[in-house]
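The first chain written gets the first letter, and so on, giving A, B, C and D; residue counts start at 1 in each chain.
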Amino acid sequence: MNTENIGFIGLGRMGKSMASNLVKKGFRLMVMDLNPRAVTDLVRLGARASGDVAQLARDCTIVITMLPTSVEVESVALGADGIFANAIAGTVLMDMSTIAPVATDRLQQEAIRHGMSVVDAPVGRLAEHADRAESLFMVGASDADFARVKPLLDAMGSTVYHCGAVGTGGRTKLVNNYVAVTLCQVNAEALALSQRFGLDLASTLKVLLGTSANNGQLRLNFPNKVLAGDTTPGFTIDLAHKDMSLVLAAAHAAKVPMPVAAAVHESFSAARANACGSIDFSGIADVICDLARIERARTPSGWSPD
Amino acid sequence: MNTENIGFIGLGRMGKSMASNLVKKGFRLMVMDLNPRAVTDLVRLGARASGDVAQLARDCTIVITMLPTSVEVESVALGADGIFANAIAGTVLMDMSTIAPVATDRLQQEAIRHGMSVVDAPVGRLAEHADRAESLFMVGASDADFARVKPLLDAMGSTVYHCGAVGTGGRTKLVNNYVAVTLCQVNAEALALSQRFGLDLASTLKVLLGTSANNGQLRLNFPNKVLAGDTTPGFTIDLAHKDMSLVLAAAHAAKVPMPVAAAVHESFSAARANACGSIDFSGIADVICDLARIERARTPSGWSPD
Amino acid sequence: MNTENIGFIGLGRMGKSMASNLVKKGFRLMVMDLNPRAVTDLVRLGARASGDVAQLARDCTIVITMLPTSVEVESVALGADGIFANAIAGTVLMDMSTIAPVATDRLQQEAIRHGMSVVDAPVGRLAEHADRAESLFMVGASDADFARVKPLLDAMGSTVYHCGAVGTGGRTKLVNNYVAVTLCQVNAEALALSQRFGLDLASTLKVLLGTSANNGQLRLNFPNKVLAGDTTPGFTIDLAHKDMSLVLAAAHAAKVPMPVAAAVHESFSAARANACGSIDFSGIADVICDLARIERARTPSGWSPD
Amino acid sequence: MNTENIGFIGLGRMGKSMASNLVKKGFRLMVMDLNPRAVTDLVRLGARASGDVAQLARDCTIVITMLPTSVEVESVALGADGIFANAIAGTVLMDMSTIAPVATDRLQQEAIRHGMSVVDAPVGRLAEHADRAESLFMVGASDADFARVKPLLDAMGSTVYHCGAVGTGGRTKLVNNYVAVTLCQVNAEALALSQRFGLDLASTLKVLLGTSANNGQLRLNFPNKVLAGDTTPGFTIDLAHKDMSLVLAAAHAAKVPMPVAAAVHESFSAARANACGSIDFSGIADVICDLARIERARTPSGWSPD
């Protein structure tokens, strides 16, 4: 039985499910939300209600926030009536909202001044996963704090990644969601082109799902190539650039706007301008890092995706 | 035993491996290339050499071309000394080069005038796959022609997709390579951002490979959502747009140029301008089609990825 | 002689010059800044110093803010110690910082609650123009407020545009700076292409300055064409699209990345997808508005640029 | 009186006007076009008709081509029946079409083999200017050839720029049209933003025409700053980047897609990643050249725009 008192602020679509799972699994929960219905529902499940952040802060040793933006998180964390000013030393604020990483950094600085600490643990997957306690969490926390919050995360989700120190949870989520949203756009542009070409959709999907166009790149190609420091060519940047020229020429002839294809084309053009045309196309990762003076990405030797 | 005489023009890095596999598996092959070494090597394996397109055309009923660009393909297919002018009626030209689909269309028109036909069968995967007869082919052909070339494709590769009529092979390859090259850029931008954020690479990869950011979208999410005509929200376009705002704000603060992220952000902005902010983010596929007056993509009912 | 007491908060590189010009021209000024040197310099010129926003607010009827971001502006305007809580009814806050228009809107709502009002008057041109009282101001204000602040603006600059109600000054500045910064990028891409082409720079400049590529478009072409509702073609969107295809093909062959050219190309592709290829290329303005459900821009009949 | 026989191939919307002006001003003209009406009209004005490129080539010492694409130009210039195979040594082919510069380079190589030469002189301005002999020509030619064709150009237009050797005319036109088409898009995005902001159009135009947003940059700012090697800041890249952040944040809030603004923002981000944030914003020209390994653009000392 966990002996900590848990505060939970923010019982929206996701937060309510997450809080419910905590109560159902035996955690002592004090909840707060502007919406009295959501509070009542949680009270029925066994939580206590609080109408006052300061009171909740005094009563709890772990406070979870699940709020829309950094404005709301800062308004409950900071100030004379806020969590940091009223909780006891050692309290952990676990913010599970998706907010700007710099806001998380500011919270952590303020927490340290009060002898407390912050954990950032934004949520992956959809609301229906939260209902079933199948969420994914990307967690930035010290090892000690991670150990304290881990039982709560296990109660709310099925996959927990400890990404590193405070701030890495939110940053990892941004990298992840950049990829997720962009793939959505890429798929959409590909399907638009396919439709305009008059291709059979089922056939196109079969091909896209059967080749490395499917993001096996990150699992298979990148780790063996650029991330291992090997850019000897399987498929060169020059050939990738040539294929994108054919794609865009065909798209322009067919009147299919493909802004992402065009942006990619220019990036490969920049690589060619920097004399990298003959390396493997995964090497674009090195080129992009070099052009922005970022350290190249390398996996440790022996790394495997599984 | 296949009774057709096969011509093979273009013994480059890929073509030579493909032709070799045909000879080794018992096909009667006549080959041609500007490079005498490659021709000699094939002759040693059992092929006959030809120095003359017209002669090769007269002698073969299926002629394969594997050449750098449409210029070379047209120069061997067209004209008084070309394939169409010299082959017997019923001959099939199977072009396996990656060329502009409009060039394939022009070849097919010319073939029809001579009582012949064209198959476009560009090659997926890498040169090393061609060595091992493990290439993937995307084939545009009539059903009858597909049946004729299928044994050859099976001898040269391990995966053969019949995409539809002539011209669909090359178009499918363009759609596929758009996705493949763009994913490469997306991964590279994501890794650059992750590096600048100071994230641990192994942790980042674990997350990216463990969530739907990995292109499970096209296998799982799209078919059940937008491609089935269902855009009730799991994760809305508005939320995707908000996350991209956070991504770009963090990238700008960290001085990481992300041109593809920026292009995606504007596309989602266009969707919001068209009152589509509250639909599922897979619905961007419909929005893109609508804004370009393209028919929306829909899988037939009962479609499954496997 | 102006009888109002003027407060001036923010004596940075621009603000100090502006405040100095006010004092020199006889306005009664109370100044405030974190930097004591800047305050001392103004006091020497005849201003009074204030160390306290509340005191300054009680003493002045027009308060000017010239601060880095909306955070600083809001911190002096709002709260118990801020301008609105301490100034007398009828006081005008003239914010000359460049901040987000929504922040200006929030300030105005708060001002109204206190019987006060806001003027947004961001500054155009460079610091050296501010030194010489040659700045340009884009002003959002009620007519009455504009009349009150006009003498101050005339003392600090040489060009004053009354753009409309509160909030229009900052919005106009954003539109203007979008154009200014983007033209800078466009010129830079053009010069990079010209250099890679090996063209003589003086010759290229002569041509660029001698044709409508020079932004005579907005003075001459747009008002007579799209802004007058006339999109009969002088130079069609199709031809503009074709020329951009040639530009990008040449740039790609020469390894010159041109991300802006690529984005423009896709926008013209979207216009063609919407059956607008045969209208005048200025008509892209209508297409962009239509695709984003924005009212088309039209000048009143009889409008002239001078 | 000019003693050369002039051939003119291509009597389309522009070509017919240009040819007419030559005949009216006393040049001996032989014309050719697929459209018999256009030929008849020119014959009425005093030209002779030719139905045969070879005959025209034998009869003329300067042959002008004004055709849709490089395909048509090459088909009349090259081959056994073409201009080069049939004209006398010393003949000049003046191509006034807008074609890919590499096609011009190929023509010139072929011309040299026949003891002839090429002039590329694409046309600026609109069809109505061609009617009134007010076209602008960007000419790539040797000095001797330029002297020969100059009288013809003066008869067809009012502004003639000798840009350099063969190939520079077309390349200059591409640079110029990149700027012209892109400014059109930039103006359109600016007007869309202004409309969505609810700004008064006449006021916005007044501001845009009154500040350096109007392309005085290339006439005034660039020559004194980056093109003179001076990037001490008037307005820094960091400030330009910050303003673009405000522009895009406001545009996103207002649901105005601005793909060009987004591309520009990323370019300034790349400059900041390369430690160039504190230089003058015109310095983006140097940054772009450096990142693509292009020689920086510099005007000769003493250069002036007039």
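Please note the rule applied: a contact is a pair of C-beta atoms (placed from the backbone, for glycine too) under 8 Å apart; a residue touches a chain by one contact, two chains touch by 3 or more.
Since the structure is predicted, the reported quantities are computational estimates derived from the model, not experimental observations.
Contacts with chain A and chain B are shared by C, D. Residues touching across the chain B-chain C interface largely coincide between the two copies, over half of the numbers being common to both. Chain centres here are Cα means. That of chain C falls 31 Å from that of chain D. For the pair chain B and chain C, the distance between C-alpha centroids works out to 47 Å. Centroids built from CA atoms put chain D at 36 Å from chain B. The residues of chain D that reach two or more other chains are 249, 255-259, 262-263, 266-267, 270, 273, 291-292, 294, listed in rising order.
Chain contact topology: the protein chains form a complete graph, every chain touching every other one. Across the complex, chain D meets chain B through its residues 241, 245, 249, 251-252, 255-259, 262-263, 265-267, 269-270, 272-273. On chain B, the positions that touch chain C within their shared complex are 259, 263, 270, 273-275, 291-294. Those residues of chain B that touch chain A in the complex are listed here as 98-102, 124-128, 136, 138, 159, 161-164, 168, 171-172, 174-215, 217-219, 222-223, 227, 234-235, 240, 243-244, 246-247, 249-250, 253, 255-264, 266-268, 281-282, 284-285, 287-289, 291-292, 294-300, 303, 305.
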